[in-house]
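Here the structure is laid out as structure tokens; the discussion comes afterwards.
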């Protein structure tokens, strides 16, 4: 017998709501539960998925009152600390971050519409662990680290090691992502994230590519490069070899094309309602090139507007 | 005599003729006279004392809502179309 | 069944208390419990903007906010946009420009536009379109909505 | 920002018509006070929810609702067995067609089979929405899964899984007796097709496919029902036609129409999709069982998976022309995906396919095909957009092959008064040529488009418009204002356009009229808001009502002056004593005396005008830019030209043109029902990609006014024809930009990119 399974948008199932004010309290709530407590930050994924029945829970733990999760601070030597509950609009509302991490702004300012960005967080985008998450490729490119607190203490994990499968990640029972740490950026460096969507706003990335490059002082050759990709594999991908190819190479169509081809070679996209696999594979090359060129131009001090600068927020 | 245009799917009844002129001052009379010349039209176009709901009658370019009671003049052109409306 | 939560919040300048289930969204409580049906539900998953409210100065989809999160917040809804003295310039310009046809998306657009003008009193057409891209309208093709927001910005600037 | 509208022939003949007053319901709608169907809230109301099939095609072996019924807070559960049985030949005739009662009932609650993913199987009423939804999970349905078919061509094959055991193909009034998913076949023939093609110097023939697309209104379907113990059922709902809901609900429930009162709430969009009932009968049954009001609102997923998309289509068209570009022969084979039950607008598709052109020889075959998708519903000019995409692309190809300007070839062949269409009907005065001429003269067309990968496209479209029954009742108030009760639900500002026609007759300002939409117990019979008919037909009823008011007021003025009726005339808004010009009363003054002048002044207009086969024509211009590396299209500029007959409220005429354009653009580029294994996978506003305001430019409009020959003010409907030409215009623009012809809608980026790749490969090969 086939029971009528429900593929419908429903209201929420019942659960308890807690809004702890200390990390310890939060961990206790998450660790103590039997049936999978869920962390609520912006809620723009969690609430939808609970409604759709993709997730279930008996407790929602709102981390927006945890001071550790609300940090947003930049120090030229330490880099950026980005609390897990900081919504996108706070990130692109910070002039220093807009100037210093334009690639992060590229991503934070294109998630959903303005009203989503008022709630959605980069930490939540990471923990939702969707292959198509817009912020993860650029976090990978920026060499971000995850600060995770749990019952046995805190640990730091490179962001590229965080996601394990669609919707799955390394967080263990009782663990919370507190913040992301982005190292400070080098002189003559630049970064750029872009994605392909069929409309001009509001879609999920069909493919996304983020690049961070450091150039020599003349801006002629690559000192290093890191490339992250979205929506081309079960998890966001770190295209390590593609970036490494550029090390020491002259900035040229040829070197960038070669890196784009290398990125394309590791992509293993699926066909679904958002696009056919073959087309996605093609887009990886196009977007990787565009991301690298955008990063190079920023590294050279040229103005490549991000979504905030382009759209006036 | 009114001119009746025979829909291609009904031309089997008219022996392939696409235009017939018949007497009649109403659609009801036109159909009756048509049926007298080419038997079977009444059955194809009408259900009891009404046009079939899937069929609309057009008189001189106007889709009539009066059905069989619609007046027809000797100069009139009569067409039968599938009934339809809009969104 | 989990127990109901007590929430104390401010809506359109008035302090309001309510009880809610943890699973109730702010949208549900506004519409079903507080009978403020001006805020509309279009999709219930954050993709149409019909349920927009402004919470502590930030535009949000109220379908993606748990009612429990409204504790100690300051919420503005469509019901608070006009004053006893009259319509907000955005409302007036929406009427003058015939910016609504069925009108069901209108409250969400007005709240988004209000939030835009609060942040950017002199937006370009492109900036208006970008800010409103999270709001779906199926009737108008957006033309007259964009015009109304630009017109209202001019009025707001003049009266500021 | 560019100018929005040019009113071409605006003739200054009217005082109120052609002005732009603020709509009477406007303030309520910008302040959140207006009550839509989703806003209903009654004392003690229960919340209903519908269990829907996850399978596209399955036999229901059993339904066990006992666990759901036992859940605390659940008050009632209903299934198909709670509906009365229907005889196989019982039908309901609605404006939009005639439907078998068995089909309507099984769409409301599935009987022995589910025919599409989202098909309603059971309904629950509970004290909260959450409990109702929990109860759905407890209903156990035993399904025997059957093979499904969701492709229209596949469904027509002899070996396709049959949806209905008793469905045979109807041949325009005749039953072929052949069991098939082809519910009906219609054919139109004109002239001598073979001769036409033989005389042609150039022949083009191609196949086209269009996906199912949804009307996409923002307010979900809803119904609140209260069935009292006296047998009276009241339904509050968002609908395009209260009387249609009354008729469908009564028919489905097997009760007389007099037992059903339908109160039309404000409606959050319809576009044809809110003509059928989806929820009222279930809410009524649940109310009857519980003795409480029951409200059901669809989720957005339900709206996509269970309510009317417009049919997907397969269209094959062959056109022949001589060297001068004159079209000589045209042939079309059209198959529309009706969904689970018969009733696609195939007739309209077959009429519209060649409607823009004077072609002496033609043959059209149309097929209405059932398959495992939701029962399709009307969508703005239903059936016309699908076929227009094919023809307008091919006309463009002929023009290109002959080196002709795309507007010139259309003008050479443009439909005109006296022309016989392929269906046999002859056009009265129409404005096809005028829209083309205005498009050609427009600054948009006159300005060359420059830049790489940019292109311009043009297309012309047609919709036939409807007349149908409407009632308006007007009652004069002592302060000189008028209460105007009408039966047409107002989806886009029609209260204003109806009030304005009334005001025009009596020389009153539009603001003096207070229009209201009545329920089925308070206003005379009025057909649906659809078919571009409300400003045309209900406006006509308002005109008649105003004239009756005028006649009565003349008798009142005569009584006031103790004169003879013949001595009073009405001029420029005043009542004048013919032999004593000093005696002059304005409408307002006369109204203030009515208290002493006998019975109340009430005028009624009840009409059923013939709409004519003329209808409304549109021509649009689209400029696009294509990203050759990704295939993504950006609309740079868009102009819509439409013959409105007479524009009553130009702002709302423009609004219809802009809204139709936007829907046409969405249909062209990104909207589609994406199916996998018989299931729609993108049933959300996230993945069903309707245009956002960032996807569109300002939509420029040109209103052409070629008055309708019969309407008292020359009004033609304007609601629909604007959706028709945009897909073809954009396809033609894409060709102009990057040299590829797209044959399938939507023209998604990946399809455009693939076409570019193929073209490259072909170029390399040669």
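To keep things simple, chains are lettered A, B, C and D as they appear, and every chain counts its residues starting from 1.
The definition used in the following text is that a contact is a pair of C-beta atoms (placed from the backbone, for glycine too) under 8 Å apart; a residue touches a chain by one contact, two chains touch by 3 or more.
Every value quoted in this text rests on a predicted model; they were computed, and no experiment measured them.
> Select the chain at the greatest separation from subunit A, using centres from the mean of Cα atoms.
That would be chain B.
> Pick out whichever of the two, B-D or C-D, is joined by more C-beta pairs in contact.
Between the two chain pairs, C-D has more contacting C-beta pairs.
> Could you put a whole-Å number on the gap between the CA centroids of subunit B and subunit D?
Here the centre of subunit D sits 28 Å away from the centre of subunit B.
> Measuring from the mean C-alpha position of subunit A to the mean C-alpha position of subunit B, what distance in angstrom results?
68
> Taking each chain's centre as its mean C-alpha position, how far apart are subunit B and subunit C in Å?
Centre separation, subunit B to subunit C: 56 Å.
> Of all the residues in subunit C, which ones touch at least 2 other chains?
21, 23, 28, 44-45, 47, 130, 133-135
> If you look at subunit D, which of its residues touch at least two other chains?
129-130, 215, 270-271, 299-300, 684, 686, 691-692, 694
> Can you list the subunit A residues in contact with two or more other chains?
9, 11-14, 200-202 - these are the residues of subunit A that touch more than one other chain.
> Which pairs of chains touch one another in this structure?
Those chain pairs satisfying the definition are A-C, A-D, B-D, C-D.
> For the complex, which residues does subunit C have touching subunit A?
Listed in rising order, the residues are 1-2, 5, 21-25, 28, 44-47, 49, 52, 55, 58-61, 63-66, 68-69, 71, 112, 115-116, 119-120, 123-124, 126-127, 130-131, 133-135.
> Which positions of subunit C touch subunit D when the two form their complex?
It comes out as residues 21, 23, 28, 31-32, 35-45, 47-48, 50, 77-79, 81-82, 87, 91, 94-98, 100-107, 110, 125, 128-130, 132-147, 150.
> Over in the complex, which subunit A residues touch subunit D? Could you list them?
Result: residues 1-14, 196, 198-204, 272-276, 279, 282-283, 286 of subunit A touch subunit D.
> If you look only at subunit B, which of its residues touch subunit D in the complex?
Interface residues on the subunit B side: 5, 7-11, 18, 44-45, 52-55, 58, 60-65, 77, 79, 81-87.
> If we count contacts the way the header does, which residues on subunit D are in touch with subunit C in the complex?
1, 4, 20, 22-23, 25-27, 29-36, 38-39, 41, 129-130, 215-220, 266-271, 297, 299-300, 491-493, 649, 651-652, 654-656, 658-663, 684-686, 690-694, 696, 698-699
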